[in-house]
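Worksheet: one structure, shown below.
Chain IDs A, B, C, D and E follow the sequence of writing; residue 1 opens each chain.
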Amino acid sequence: MSSNFMKASDLVAAGFSTALLALACAAVLLLVGTGWVRRGWKLPVLLAAIAALAGALSTQEARNAWIATAATPLDYFYACWFVSMPLQIAALYFAVRQAGALSVALFWRMIGITALMVLVRYLGDAGYMNATLSFLIGIILWLYVLGELFFGRMDEVVAKSRMPVLRRGYFWLRLIVAIGWAIYPLVQFLLSSGNVVSSGAVSLTYSLFEFPNRIAFGLALLAIALIESPEDKP
Amino acid sequence: MSSNFMKASDLVAAGFSTALLALACAAVLLLVGTGWVRRGWKLPVLLAAIAALAGALSTQEARNAWIATAATPLDYFYACWFVSMPLQIAALYFAVRQAGALSVALFWRMIGITALMVLVRYLGDAGYMNATLSFLIGIILWLYVLGELFFGRMDEVVAKSRMPVLRRGYFWLRLIVAIGWAIYPLVQFLLSSGNVVSSGAVSLTYSLFEFPNRIAFGLALLAIALIESPEDKP
Amino acid sequence: MSSNFMKASDLVAAGFSTALLALACAAVLLLVGTGWVRRGWKLPVLLAAIAALAGALSTQEARNAWIATAATPLDYFYACWFVSMPLQIAALYFAVRQAGALSVALFWRMIGITALMVLVRYLGDAGYMNATLSFLIGIILWLYVLGELFFGRMDEVVAKSRMPVLRRGYFWLRLIVAIGWAIYPLVQFLLSSGNVVSSGAVSLTYSLFEFPNRIAFGLALLAIALIESPEDKP
Amino acid sequence: MSSNFMKASDLVAAGFSTALLALACAAVLLLVGTGWVRRGWKLPVLLAAIAALAGALSTQEARNAWIATAATPLDYFYACWFVSMPLQIAALYFAVRQAGALSVALFWRMIGITALMVLVRYLGDAGYMNATLSFLIGIILWLYVLGELFFGRMDEVVAKSRMPVLRRGYFWLRLIVAIGWAIYPLVQFLLSSGNVVSSGAVSLTYSLFEFPNRIAFGLALLAIALIESPEDKP
Amino acid sequence: MSSNFMKASDLVAAGFSTALLALACAAVLLLVGTGWVRRGWKLPVLLAAIAALAGALSTQEARNAWIATAATPLDYFYACWFVSMPLQIAALYFAVRQAGALSVALFWRMIGITALMVLVRYLGDAGYMNATLSFLIGIILWLYVLGELFFGRMDEVVAKSRMPVLRRGYFWLRLIVAIGWAIYPLVQFLLSSGNVVSSGAVSLTYSLFEFPNRIAFGLALLAIALIESPEDKP
């Protein structure tokens, strides 16, 4: 895969490699799993699979950049988040729609705001926007998404649904978006602006948080979909 | 994927990376989605998937060339457009054919004129043809395609069809070809001739326009096809 | 894909890139299309898909060699032809067998003679055989294949068949083998011997002729197969 | 695959190459085999396939690092084990669940402890933790997993099941985890700490043990699943 | 695929390239073909597909090593043979089992002895074992495999079977193992020991023998399986 190699033990590169392998494995598992669930569940599982795939592709590049130059421009991470986070919100939306009607406007609002959140944070980190402003707007947009998930129509539909597995699963998926995704504004806050090239500690943190944020998210969704898909309809 | 890496934050490379990831994700989504729609809709969805795939492959090369040399020959973009634009017009044709009969001659005319449009623009940009002449011929050919889409037999078939989703979807798909694709003659006009190697601003523009022109186009087509495919015929 | 990049506009590299993208797209389209046709048509479509795949793989290498060294050894082209041309003849044979019985001996004769034709031409071009002799033997072998296609048992079976689409399609497929494939002895004749490393003009010619010879051939075959496969047997 | 090449015979590189090829072949065989077994068996077979895939990806990188630098940082191996070993324990869990009920808590306990075991060993080998302590904790965690497999609820369920093939297969799968996986603490013990960069002998040992630990494990699971899946339910 | 390129015509590299393309094409054809045959025939066809895939992967590396260094360590060939030859013997075993019962012990004996044969030859060629001894043991192990194929239980089962196509196919498959595989001890004998790095002539010979030994073997198996699989059970 890469044409440059670790020459000694390197905790950051090992973290990247492990996240890369785990993301690739999760993507394959979810892709194949798409074939085992009911038609309604195929789309959310596939979206989570593609989010893991995007994570794997950009983690590979981030790792190779780290091994070659001992620095990872945040661009690699942001490219991934800009694609995978809206995909995951879309996966949540289509999962909840299995339990009840959701407006199309809600879909566009949540997708658009998630993408905007990542874009604003990137502009801040890369110095194209005031760092504090970027941080604040990013927080507000994120809180809006959390608001929809915790108090909006989606929560309502899930609470009323007769799918206990979905209720329990939605609890965990929502938690990942609330707790796991909190690492991104947190790191942005701690680093302040101008730190566009990631140090080893930040890279390692971001690699490790792929496990809950992309992999556990996808596996939880697949588990819900498998339990909700009766055996005799493969 | 690449053996050269960004060393600092780079807006153009980040734009390329994001477009690449999004195109690859869209291609996988559409390819898998091909399996979920009625047989008649499989072909248009697959053609849109392949157009996204062609976009992903050439965006990857354009990005790597940018990172390595800080310049992207327009050849990379034109190779993509020469393949993906006729594929998208073909996808539109086969989508509309779900609603009524279309002549085979129309298919060949539209495919051929779209390919010719890209070729003429390339010859102008690369200096093998007078730039103004290339621009004018390119515009005329594009207007012909738009004429067919807005006032020709395809519009007629869609207007008469009993598929409200197709009518609404056709409106948006046609708009992408009319508004989104306008960026190509616009940039050509602004740059005048002789600018065969793309600057960062042009590269970033072209990357961003992959989102409406290839990705939104494909997703809209998949959405139409999914709604038109009854659940019990997977 | 490649680790070396165009630095300025390059018509030959652009031709290679476009042929590469188009061949890859055609291969994916034909591979997926294999799943949409009747069982008897699966094999010919798959063989045409694999011929396009072989074309894509060797075009990629030929292009990268061109970008790196501004010369393309003919070996890259011959490796492709040695594999893809017999595959295409086999695709024709299995397509015609849908309409009537064909002897197994005919299959081996046509495959063997096509492979021999490519081998003899390579030996001539690479200087391992007298160039004129290689040219003449190559022509004779090609004429034999054309003879079988135009006046042999295959023509007879198609003419008698009750599949009008196959009759019309066979007309075009045969024409590609007769007119499109004529470029190979023609270039060999024009260059005379000793020109084992391809100039840009020859490379561009060979790239462009991938469009009729590999891509149009495969798409025509898929179109025949799709029309001959009833909708209710997907 | 790699851009650096062996120049002479190299037993370690040959071992890596053979393990890489065999792991890739096993991954393809298991992935395709997933389609041939009953729905309940699909998940364990897929998990074993993904474990082999993870093994193939990291063996490729470890080999290329060896050819380029004549040393393989243990990071490559640990990244593989951290992903593939929990996957294999999960495969065992889901295989046994075909025969009877198993608690979800057991699943999380076994997965978590297996991942912890690999992590602790890595921290010891890489010098982030006292080597003896790492070795001891690693042994204890491994013994816990073996205890669950040999004397816990899983053994109970298998012993009571009416699937003789599963009983026999479980015997072998458990043996691989007990005997095959013993190589990892053994090598760790022999090398003592500080030897983070693998010598040739250790690399060759680890390559060879991919054959029982990943490949034979997966093939045994596929064999069980195929025999337990009746022919008429493909 | 490779980052180094031929600069002039090179018969050895052309041989490698052609074998690589043909092996990749055969692998795709056999993999897709797996979906067209009866369940019992899926496994042997898949095993032959994987053997071709292993051949393609190692031929690519051997070729790239040849282009870069004008020498191919035999390690590349032996890694391929160690994986693909047992796979092919396993394919033969599972093909014959379609016609009658075969003991599991026979399977392990044949697989193990084939792998041992390749290992012993490698140890001899690489100088880890006396060359004459290695040659003799290799011959004896090969003769044992041939004995099982020509006079053992497998021959008995095929001779008694009511599948005329299998009888005829088995004749050819067995012949490939007897005549085609004879090239390996022959070259070993002619080179004597110590010649671990392959000259061009040996590399070309090994490339060409991939055609009967891997490709024709797989295609023959697929042909048998297709004829034995009734059309109405796809």
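In the analysis below, contacts are C-beta pairs under 8 Å (C-beta built on N, C-alpha and C of every residue); 3 or more make two chains touch, one makes a residue touch a chain.
Everything numeric in this text was worked out from a predicted model, so none of it was measured.
Trainee: Out of curiosity, which chains are bumping into both chain A and chain D?
Mentor: Common neighbours, chain A/chain D: none found.
Trainee: Taking only the C-alpha atoms, how many degrees of rotation bring chain A onto chain E, rounded to the nearest 5?
Mentor: 145
Trainee: Quick one: compare the interface residues of chain A with those of chain B and tell me same or different, with half as the dividing line.
Mentor: Because under half of the interface numbers appear in both copies, chain B and chain A meet with different residues.
Trainee: If you average the CA atoms of chain A and of chain C, how many Å lie between those two points?
Mentor: Those two chain centres are 45 Å apart.
Trainee: Roughly how far is chain D from chain E, centre to centre by C-alpha average, rounded to an integer in Å?
Mentor: 28
Trainee: Specify, in ascending order, the residues of chain E that touch 2 or more different other chains.
Mentor: Only 2-3 qualify.
Trainee: Classify the chain contact graph as line, ring, star, complete or other.
Mentor: Basically the chains close up into a ring.
Trainee: Follow the ring of contacts from chain D in the direction of chain E and write out the chains one by one.
Mentor: Cyclic order starting at chain D, direction chain E: D, E, C, B, A.
Trainee: For a test of understanding, state which residues of chain E touch chain D in their complex under the given definition.
Mentor: Within the complex, chain E touches chain D at residues 2-4, 31, 34, 39-40, 42, 46-47, 50, 53-54, 57-58, 60-61, 64-65, 68-69, 71, 73-76, 78-80, 82-83, 87, 122, 125-128, 196-197.
Trainee: For chain A, which residues are in contact with chain D within the complex?
Mentor: Where chain A meets chain D, its residues are 1-3, 5-11, 13-14, 17-18, 20-22, 24-25, 28-29, 32-33, 36, 231, 234.
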